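The following pair of complexes shares a single chain, subunit A, combined with subunit B in the former and subunit C in the latter.
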Partner chain A sequence: MVIDVNKCIGCGNCVIACKIENDIPLEIPLSRTWVEGYSVEETVPKAKVQKVVMNTDKNPFLDVEWKYSKVFFVPRLCNHCANAPCVNVCPVYARFYTKEGIVLVDKNTCIGCKYCIVACPYGATFLHPEQGVTDKCTFCYHRIKNGLEPACVLACPTHARIFGDVNDENSEVYKILKEKKVTVLKPEEGTFPRVFYIGLDSRFVE
Partner chain B sequence: MTRKTKLGGEDLRWSEIVFVITSLVLVLVGALGIFQIHTKPIMPIQPFEVALGMPWRLLVALYVFFVVNGFCVIVSLGEIFGVSRLEPIIKDLLLMAIITILIGLTTIGLEIEQTQRAVYALIGHVNPHSVMFWMIMFYVLELIFLVVETWLYLYDDLIEQRESDSVAKRLVAIILTIPKIENSKEFAKAIGFIAVVTSIIAISNLGALFSVNYLPFWHGPFLPIYFVLSAMISGTALAIIGVVVADYARGNKRYEAVQTLRVVLGASLSVALIFTAWNYIIKAYPTSTLLSREATEVFVFGSYAFNFWFFEATIGLIIPITLLAVPRFGRDIRCVFVASILTVVGVFFFRFDLVTGGQVLKTISGLRVPAFEAHPFEIMATIGFLSLAVFLYYICYKLLPMEVEVSREESS
Partner chain C sequence: MKPKVLALSAIFVLAVYSVLLVYVFGLAPYITKKSIENWTEIEGSREKKFLDTKICAECHYKVFKGLKNHSSVSCEACHGAGAKHAITRSKEYIKIDRSREFCLKCHLDIPGRNAVKTVNITHHKGVLCVVCHNPHS
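Here is the complex of A and B:
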């Protein structure tokens, strides 16, 4: 997946669409995808940063008073790492890679030890409050297997999220990665994320 | 006035009856807490919604507190390496080792969300790349070795116990001596060697479980070694408490053994003091990463500062070292006992701070976790497990041949 930070307006449609599609309670601040809003002022040595998170059906960006003038939104989700810490640490193989490289959770095997939550450097895994097992983004695997787009991609009004096969020369994602400068979150962790960002100032994103 | 009542040929004092009833009530409280945690029928108070706060919480810290104990190492000193002054306390240590691991594994078994599925995991659906799998495997193996070792070590005494006045003790002895065995002490020594190796692997594995993560306060190759060191501290301190209490109840004195433990505890605490100091200095040094410094600041100035400076450093390290090192205090069993209690309190907070404080900088679903807030159900469960450990130890002590040949008048 490619996310163009410059196009994200913080509407939160992706969060709500994801929650409805994947049966995550709307009012609980846990979500497979969430949007972080940043307001930044560049100062030396450390920049001043205000961070607001949208992960329920209420959009806090509508009411927030941004402290600093530079404002941007960063959609977040599981990075489907090629070297996923959650897959490595799971004691019962409840996490696995599909042949397409997507990281999934086997909810019938997960014992809820929460090691994957602790191990994920991106905070993308959480305990489902009703199911008692861990949960995370699957790129809407049930949809893409049937030729549909993930719910968040479909719901995005500005086309900030682009989904496709990196190895397919005809896909939009392939063309973007070939032509544009992209970055990933926390490359120093060696997880090889598969969510790429355009225009991301990764200094401020945890 | 101490009234006595007969129970299975054993004198049971009123104080013991009060102890038994209190323990059972507290165990019941703990069971209720665990039941509430798993069903959440009444009031899912917000901080307890695990993913909103910390994934690993009080019960994980309690698990670490139970299973990271170096009883096996001290047993091996007495049993295998011939430190004869420790021989009178080997039985106590073996029993403590079994009970702490048993209760520890029960704690973590009930802490996970899908307890029933852990059984499937044991029969093959496992990931050999996961440190957690190896940790559980080694602890289960250690528990098996310890049970066999203890049985072999007590075998000769169990034969004698078959003539006991107490029906319960006689029954236990008869059941446990159904398999016939000769040279049991020699076999116990061999199994003991395997048990101590397994124990060290298991404890260091638990250290590795934390250190492989992407949290700056945990991450590092020395955490497994730190765990082994703190296991020695915790095990020795708990051993002193157990031996002194048992001696007090039975009118014995195992002064020489306690003095040997005092030396082990004092030395381990001194090394831990240096280790702790350098750990914090290196993690907070200006050339360390920003996250590493921020993680350390939580303990030095932040929300965990009181726990660290008061409980871990002062109560858990400095006062016990002083009490154990100054000869005037160190020769007095009461001072060693107090030092051990303080050490155990310090160790408990060390475990708690390491587990929960290490996650403070963790971002969960984009939220920064400010500090840990224990849920009442967690506290209830913690009290329950601690009481269960003490109660089980008491019951086993009553039923097994724990008597040792020590002069009642042995003194300093």
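Here is the complex of A and C:
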């Protein structure tokens, strides 16, 4: 998946669509995808950062008082790493890679020990409050298997999220990665994420 | 006394290791690949709540063809999940929200919003946006 940070307007459609599609309760502050709003003032040596997170169906960006003038929104989700720490630490092998390279959680095998929550450097996995097992983004596996886009990509009004197969030469993602400069989150963790960001100042993203 | 203890402990260790070996190479779901296949199937056959703009266009072709400003926005971005509506074809299961707040979710001029046209909250206060602006044209 490629995410264009310049196009994100912080409407939160993706968060609500994801929660509806994947049966995550709307009002709890846990979500498979969430949007982070950053307000930044560049000072030396350390920039001042104010961070607001949207992970329920209520959008805080509409009435938040930003302290600094530079504001941008970063949509976040599971990075589906090629070397995923959550797969490596799972003691019961409930997490695995599919043929397409997507990281899935086998909820019948998962025992809810939360090792993966600690291991994930992106904070993308959480304990499902109703099912009692860990849960995370699956790139809407049931949708992409049937030739549809993931729910967050469908719901995004500005096409800030682009989904596709990097190995497929006709896909939009292939063309973007060929032409544009992209960045990933936390490359120093050695996880080889498969979610790429266009135009992101990744210094501020934790 | 000593050889008896040694023999017992050897039997115990053998028993434990044989149980472990049988579990790991015979029964453990990860090694047998069964659970992975099962779960991939379960995950792939889950119920969809959102569909696609192509499917909406099959019935609402006139609206779909007339779209201009919102032509790149999918129907379900505003109208909500439509799988139930596509089956029942009833108005109950689709969202039609004409309120100002709904339009301003995307078009309010908050900082950091550069990709869409924005308006101030004072712009014709009290009048619904859809009175002047048709979202489907």
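Remarks
Here is the rule we go by: the second predicted complex is superposed on the first by the 206 of 206 C-alpha atoms of A that agree within 3 Å, B and C clash if a C-alpha of one lies under 4 Å from a C-alpha of the other, contacts with A are read in each partner's own complex, and residues count from 1 in each chain.
The criterion applied here is as follows: contacts are C-beta pairs under 8 Å (C-beta built on N, C-alpha and C of every residue); 3 or more make two chains touch, one makes a residue touch a chain.
Note that this is a predicted model, so its numbers are computed, not measured.
Using the contact criterion defined above for the overlaid structures, shared-chain residue A:61 touches subunit C, although it does not reach subunit B.
When the two structures are aligned on the shared chain, A:109 is found in touch with subunit B and with subunit C. Of the two partner chains placed by the overlay, only subunit C lies in contact with A:73; subunit B stays clear of it. Contacts of A:9 after superposition on the shared chain: subunit C is touched, whereas subunit B is not. Once chain A of one complex is fitted onto chain A of the other, the partner contacts of A:117 are limited to subunit B, with no touch recorded for subunit C.
Within the superposed three-chain model, A:145 lies in touch with subunit C and out of touch with subunit B [touch as defined at top]. In the superposed model, A:30 lies in contact with subunit B only, and not with subunit C.
When the two complexes are overlaid on their common chain A, residue A:100 makes contact with neither subunit B nor subunit C.
The intersection of subunit A residues touching subunit B with those touching subunit C, taken from the two complexes, comprises 92-93, 109. Contacts from subunit B toward subunit A in the complex involve residues 44, 49-52, 55-56, 112-115, 117-118, 120-121, 125-127, 129-133, 136, 209, 212-215, 359, 362-368. By the touch criterion given at the top, residues 28-30, 35-36, 38-40, 42-52, 70, 72-74, 76-78, 80-81, 104-106, 108, 110-116 of subunit C touch subunit A in their complex.
Of all residues in subunit A, only 6-13, 17, 20-21, 37, 39, 59, 61-62, 66, 69, 71-73, 92-93, 96, 98, 104, 106-109, 138, 141-143, 145-146, 148-149, 151, 154-160 touch subunit C in the complex they form.
Of all residues in subunit A, only 28-31, 34, 36, 53, 55, 76, 85, 88-93, 109-115, 117-119, 121-124, 126-127, 129, 132-133, 189, 206 touch subunit B in the complex they form.
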